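What follows is a group of structures, each given as structure tokens.
You will see subunit A twice below: alongside subunit B first, and alongside subunit C after that.
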Partner chain A sequence: MPTGKLDDYIMFSSGGQGGQVLVIGLPSMRLLKVIGVFTPEPWQGYGYGSLETQAVLEGGFAKGKPIYWGDTHHPALSETNGEYDGQFLFINDKANARLAVIDLRDFETKQIVKNPNAINDHGGGFVTPNTEYVIEGPQYATPIGWEYAPVDQYKEKYRGVITFWAFDREKGRVDVARSFQIELPPYWQDLCDAGKKVSEGWIFCNSINTELATGGIELGLPPFEAGTAQRDMDYLHIINWKKAEELVKAGKAETINGIQVLRLETVAQEGVLFFAPEPKSPHGADVAPGGDYIVVGGKLDPHVTVYSFQKIQDAIAKGPTEKDEYGVPILNFDDVKEAQVELGLGPLHTQFDDQGYAYTSLFLDSAVARWSLGGPYRQDGWKLEGKLPVHYNIGHLAAAEGDTVSPDGKYLVALNKWSIDRFALVGPLHPQNLQLIDISQPGDKMQILYDMPIGIAEPHYAQIIKADKLQPWEVYPEVGWDPLKQAVDPNAPQAGQERIERRGNTVEIWMTAVRSHYKPERVEVKKGDHVIWHITNVDRARDATHGFALPGYNISLTIEPGETTTIEFDADQAGVFTYYCTEFCSALHLEMMGYFTVQP
Partner chain B sequence: MPTGKLDDYIMFSSGGQGGQVLVIGLPSMRLLKVIGVFTPEPWQGYGYGSLETQAVLEGGFAKGKPIYWGDTHHPALSETNGEYDGQFLFINDKANARLAVIDLRDFETKQIVKNPNAINDHGGGFVTPNTEYVIEGPQYATPIGWEYAPVDQYKEKYRGVITFWAFDREKGRVDVARSFQIELPPYWQDLCDAGKKVSEGWIFCNSINTELATGGIELGLPPFEAGTAQRDMDYLHIINWKKAEELVKAGKAETINGIQVLRLETVAQEGVLFFAPEPKSPHGADVAPGGDYIVVGGKLDPHVTVYSFQKIQDAIAKGPTEKDEYGVPILNFDDVKEAQVELGLGPLHTQFDDQGYAYTSLFLDSAVARWSLGGPYRQDGWKLEGKLPVHYNIGHLAAAEGDTVSPDGKYLVALNKWSIDRFALVGPLHPQNLQLIDISQPGDKMQILYDMPIGIAEPHYAQIIKADKLQPWEVYPEVGWDPLKQAVDPNAPQAGQERIERRGNTVEIWMTAVRSHYKPERVEVKKGDHVIWHITNVDRARDATHGFALPGYNISLTIEPGETTTIEFDADQAGVFTYYCTEFCSALHLEMMGYFTVQP
Partner chain C sequence: MATVFESEEVTVKVGEEEIRTTLTTFLLPSLLLMLGAMLIVVSIFLPYWQMTLKAPQYPKGLHVEVYVNKMTGDVREVDGLNHYIGMPKLEEAAQLERSFSVIALVVLALLLTAGVFIHNQWAGVLALPAILYPAIFLADMAYWLYTFGHNLDPKAPLSSSIKPFTPPVLGEGVIGQFRTVASLGPGLILAMVASFVILIGLWFHRRAYKPIVDARKRQARRMEARRG
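Now for the complex of A and B:
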């Protein structure tokens, strides 16, 4: 990538157990930004004093308990007609069952919602083709709603719960009141994908513990890794979300902890939920660009299994004769299976391109398998085309525009979990390795272009969008902008209106920042005073960000051109504190400071 | 950089107001690791439950108040005989006046010390040539020891304070008892560098507010940016630290807040502190590889000024006739000046190579100036050789082995503060831009090789070490390793010894983690129990790290092969919590989980 040239694609990658989103340019594989999502980030003023960002983080607290990290798994770009539209990004927190909304005008997190009925999640976020809903799928079954039940009541009391977070595009927020959940059996639902085109209105999730294993190696019982791998088949979950939406509107849902829940009995009986057998301990249910096929990779089976949506519909119409022990109708495997393609060891996740090829990660083989789709996609369908070794232990993979109805081809990124010897040793904790792969040539001609170490958490999944679909702001539209409301704050400090006001023991400050000074430069209060401090960056030049550090008070702000922000704290410590600009904004940036003096 | 090839150099860069250290490979300019230092990092298990890492962070609390971020400025590699030895890295926190120690065997932070007498700092860390001391220089003057004094008592009550943290290489820790501070006038001391070879035993710091400006734009007074720029000359601080050490040992220091302090009067009278005039609002005092010259860049003066250490010694021997208003002897400018070289607008910081060239960042010109040293370095000395435009607004720069007595040449990195249009737009908050420059050709032939966006805070300064000088561990030496003690923990869980013990309402767990299960997989306690939970990763393969997430309790651990760690908390919430491995350690990593059940 020559100096000064801009990237063609932008990849939004999960930041794994760092709790953030990584923004990476393609093909340069350069890390352009880390977006603070579930974890406070002092350098971007996220969760270090700013009231606006603290409000976002507190939206994700669990029953009032602070949670300041997340395990981000599956970023999902908002879609219009099944195409990424570049407006919003959603991402889940597996560890604490939460979902975050990022506005792609300023690349900042605007909302975190806590799932009130789940302890953890996994298969989310995934969006419906017009972003009506952002789907948060479950992982490890627990009693619904943080209740206690002993593990030996697993079968009766533990459940999966999948959430359909209704998204209000106008407000840029999840609307909890219109959202709903579906109770599922305590199989470990894993990854989901939304139907599109012919299958719009449906979603599909794989699952991995239909054995109902509950571990207990310390008691001489099989550990989870063995207990969950006993059956040859698990269940692909097939969910009619439009039908579910109708049932919710018809009042068939029960409100549990503030959200509407369709009970398992209801969805099993009313044609919302169906199962199809799937081999074996799979990880990934991926819908082909036309919505006509669903691909499942069974990590303990060398094949991918392809289901036909039409055959699923036919089997449902015919009427399934079998049910699982929770009363959910099971479709016959041979009725719904379109093809099985043998790829190698440990197939996990599948992506698509514009040539009718599919790409499946092979964890145990440390390889990417390219294979051809049949049906309308390619004449020579359902066969392995070639394998490319990657380094090492690939989890997910991401293709350019790969989850849309019209993937781009060109580039594929392998998200490898181990790097071992690929990079200079930096201690026992190794970076991950994201490898850029050229997939523009046909057949078995795939080529690794670049190894990108990720020395910051373990990216789980990523989506790649054409750069020109994004329309970010260079600076905030107007001076005094509140990025949470995405509107001018009428109370924002403006140039010439700076002041300090005292009301009783509350001191309120309206301050501006401009290259290269704050106004005011001296703020004096008394110990015990309550301080409310507004700051506006009145600079309008691109990249003219100012920082604000207040020593001893754990406060760090980053204020972009036009932005206004507010901090609030008790001056509980007497002394002389030096606030200063943490961004090297000008030749005299070291001189951009002031004295906050607290009288004893 | 071809796939699989390892880097020749490792750059340790400040992570700016992110509070971390960035580890970057050269020449690939790939981010290999972010080391958690002042800010908790959930993905590396730093400050998210682990008792060992919490103890490190608490060492940096300010008078008991939690501080969970820092503004890292100047990383300093440990040195032996003036060469980087690859053992330790030090970095300061400008915002809160702290210093951190990182052990380069495992690239983890082992200690944070809070400066008890300063609110903020800047010119640190810098090491003496055998790492006897890590120097933490001041920035904005305040009353010593967090005391209150109004701004209008600035001249009388406000002071600078420079700290010499004694380093115990054996223990890998700063030894506060042997450390000392020196009181300085309330000029804003800025950047420091240690003398080496002929000047070993001395240090040099520039300063920027000998005007004693106190701001007050809101009162109609000159803002700091104007008030601090009134004089044509500031003072280069020349400090004889070996003499200071003798005075401390001779009992001439006063203990203030637990640390020995040499008072200004003492150091002014006893030949510890001297001033030399320096033009104008400089940023940087950099000692040439031989220790013979000190280079100061005056950001409001187009020249760099070069001081001769021999001339400084001669002037001191002759006896300075002038003093500043605090009684500090001032050397005559013409007596100590060796040369002035006109470079351009906004010279800040200077680095050196193996050809006798110096490189100075020009902030306002957005350029790197290469110029020749005279004296023993080059025949054609003290002249500008060429300038290379960089993009944009360069602050510091770093050359390969650039702060040692024998720099390598080859590579220079420009740490540019603004990127503006260099990268795809990612919202109003822009990345920084680190540019790799080839300096292997002579004269004006410098060439930009690569633009590296830094989408994570603002790197301030960096040091670059030969990769083969580092000897990091691939895995911890033995199973049950405590990374804080760097020794086996006799209480660490070992395979076959896993157990759960109850003592009253305390439940203690000894757990192991191995691909792909924890043992035990079920932990049951009662609400209100106090839980002590030890976990050892008994895997021995390189890169076989396990994670440990506990939902709802804000706990995230990363446990490298052999490592043991401990968490401790009150089970204050009943329910079923699913702990699981956050690192994709094997094909069945999703199954690596357990149930933590809390009876109501």
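Now for the complex of A and C:
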């Protein structure tokens, strides 16, 4: 990739426990940006004084308790007709059951919603084919509604809860009032995917603890790792979300902690929820491009199991005879299974290309398996084509547009958990290794092109979008732009209207920043004053970003061309404070400073 | 019979030619003058002068287009850069000229149109401002470029490193890390074409009406002589 040439694809990768999103160009594997999401991020001035970013972070506080990190897992690009449309990106925080909305016009986080009834999540975010809902799947069962119940009451009180966050595309926000949840048995639902095309209106989630294991190794009970692996089969959850939506509209939901919840008995009886057996403790539930097949990785089983959506529909029509102990209908495994393909050890996640191939990560084998889909995809289907060793311990994998209705092929990225000896040693904590793989040749020909160390956290899933689908802004559209409202703030400072006003003990400042000065350059207040300080970057040149650092007050802002932002604080420390520009904006950047004097 | 027939034919032929000659002689100058007027009116809507500033940090360059009544392009950015060398804002240049330019050009066009109805040397006098107009525009442009380049604020950040200068009216110049390229805009080119068209129009105007004017003069002189 020559210098100065732009990438064909952009990959949005989870930033793992860094609570961020990584933006990486493909095929160069250049790191383009780290978007602050659940974690304050000083470069973007995210969470260091700016009221707008603070409001976003506070949206994710748990019952008022500040949370300043997140374990980001699954980024989900907004879709139109099952294709990425490049407008929004969603990502979950597994640790705290939260979902964030990133606007891809400015690549900034606009909203964080805290799930009111779940303490953690996993199988999200992922979107319905037209982004009607962003879905946040559960993981470890807890008492619903954030209540207390002893672990002994696991079977009776503990539940999974899957959340359908309604997305208002116009406003670019999740609309909690229209959102709903479905109560599920405490089976540790794991990963989910939305049906598309023929299976639009349905979602599919695997689960790993139908044993209802509750751990207790210290009591001599089987640890979770063994307890969850006792039965031969767990259940693929098959959920009719269109039907669920109808039930919510018909008033069959109960409001718990401000969100509508369809109770387990309702969804079990009303034909919303069905189970299909799957080899025990699997991983991944990935829908093929046509929506016709669902692939579940065996994890502890060397196969991927492929379910036919048509067969699922036939089995539902026929009427399932069996039920689980919570009353959920169970479909017969042989009725709904299309194929099982033996790939190797530890099959986890599956992606697709434009040639009818599927790619499955093999964690234990440290390899990517390419196999052919059958049915309408390839004549010689349902067989392993070849394997490519990767380095090492691959988790997710991402192919170019590989989970949409029309995958592109060409590139695949292996998100390896361990790098061991692939990079210079930098101490015991090793970087992760994202490997770029050329998948443009048929059969078993796959080639590793590049190793990219990730030295900030452990990425989980990633999505790869064609670069020209993104239409980001070069600068904010107008001067005085509030990125939270995505509109001009009428109160934003404008050139020529800079001023300082005092009202009692409140001092309000309207400041502009332009290469290479702030106006005003002297701000004087008295100790104890309440300070409201608006700053607009009135520059219009691409990349003419200004920073604003105020020492002693934990304030760091980054103000992009046109942007306006506000800080508010009590001047509780007397003295002379030098504010200055933290972005090297111009030859006279060092002179871009001012004095904030606080009289004792 | 034959003679009469032939003579009739000849008469008809002569009539057609006469009409054709009259059309070429008298219509052409009017058309050319009106074309000149039209070009001037159209030029109001086009940039007259443009400047591109090239520097490493502006890969697409900065562009300023000057119309007779406004400036467009990266004016704000250029102003922002100019503050470092103490140059006034571009908006402050030629404010008076820009305020009356559109009316002035419409008047120029009307004067040209008047030439269509005035069949003597006064048509040429009325057309003179339109002919000279492109040169006047460029002279005014040069005046403002000189004025701006020689009235730099001595307290500006880079006042000690940038000496007063005149940005070129046309062609290339260098200021700091910027290479500037100034060129004629389509509006000014149209105005120049208009000047040329008007000159040709006046030449035909003279060819058509001078004999008539001269003939009238001769007749007047003869009448005078007879009376005298």
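We take it that the second predicted complex is superposed on the first by the 600 of 600 C-alpha atoms of A that agree within 3 Å, B and C clash if a C-alpha of one lies under 4 Å from a C-alpha of the other, contacts with A are read in each partner's own complex, and residues count from 1 in each chain.
Here, contacts are C-beta pairs under 8 Å (C-beta built on N, C-alpha and C of every residue); 3 or more make two chains touch, one makes a residue touch a chain.
Here the structure is a predicted model, which means the values were calculated and not measured.
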First, second, both or neither for A:S516, with subunit B first and subunit C second: both
Partner chain(s) touched by A:D286 [first = subunit B, second = subunit C, both, neither]: neither
First, second, both or neither for A:R540, with subunit B first and subunit C second: second
Touched subunit A residues, subunit B compared with subunit C: B
Subunit B versus subunit C as contact partner of A:D353, first or second or both or neither: neither
First, second, both or neither for A:D408, with subunit B first and subunit C second: neither
Partner chain in contact with A:S419 - subunit B first, subunit C second, else both or neither: first
Which superposed partner A:L588 touches (first subunit B, second subunit C, both, neither): both
Touched partner set for A:L6, first subunit B, second subunit C, both or neither: first
Shared subunit A contacts, counted only where both subunit B and subunit C touch the same residue: 516, 543, 587-588, 591
Touch list for subunit C against partner subunit A, complex: 57-58, 76-77, 80, 84, 157
List of subunit A residues in touch with subunit C within their complex: 514-516, 539-541, 543, 587-588, 591
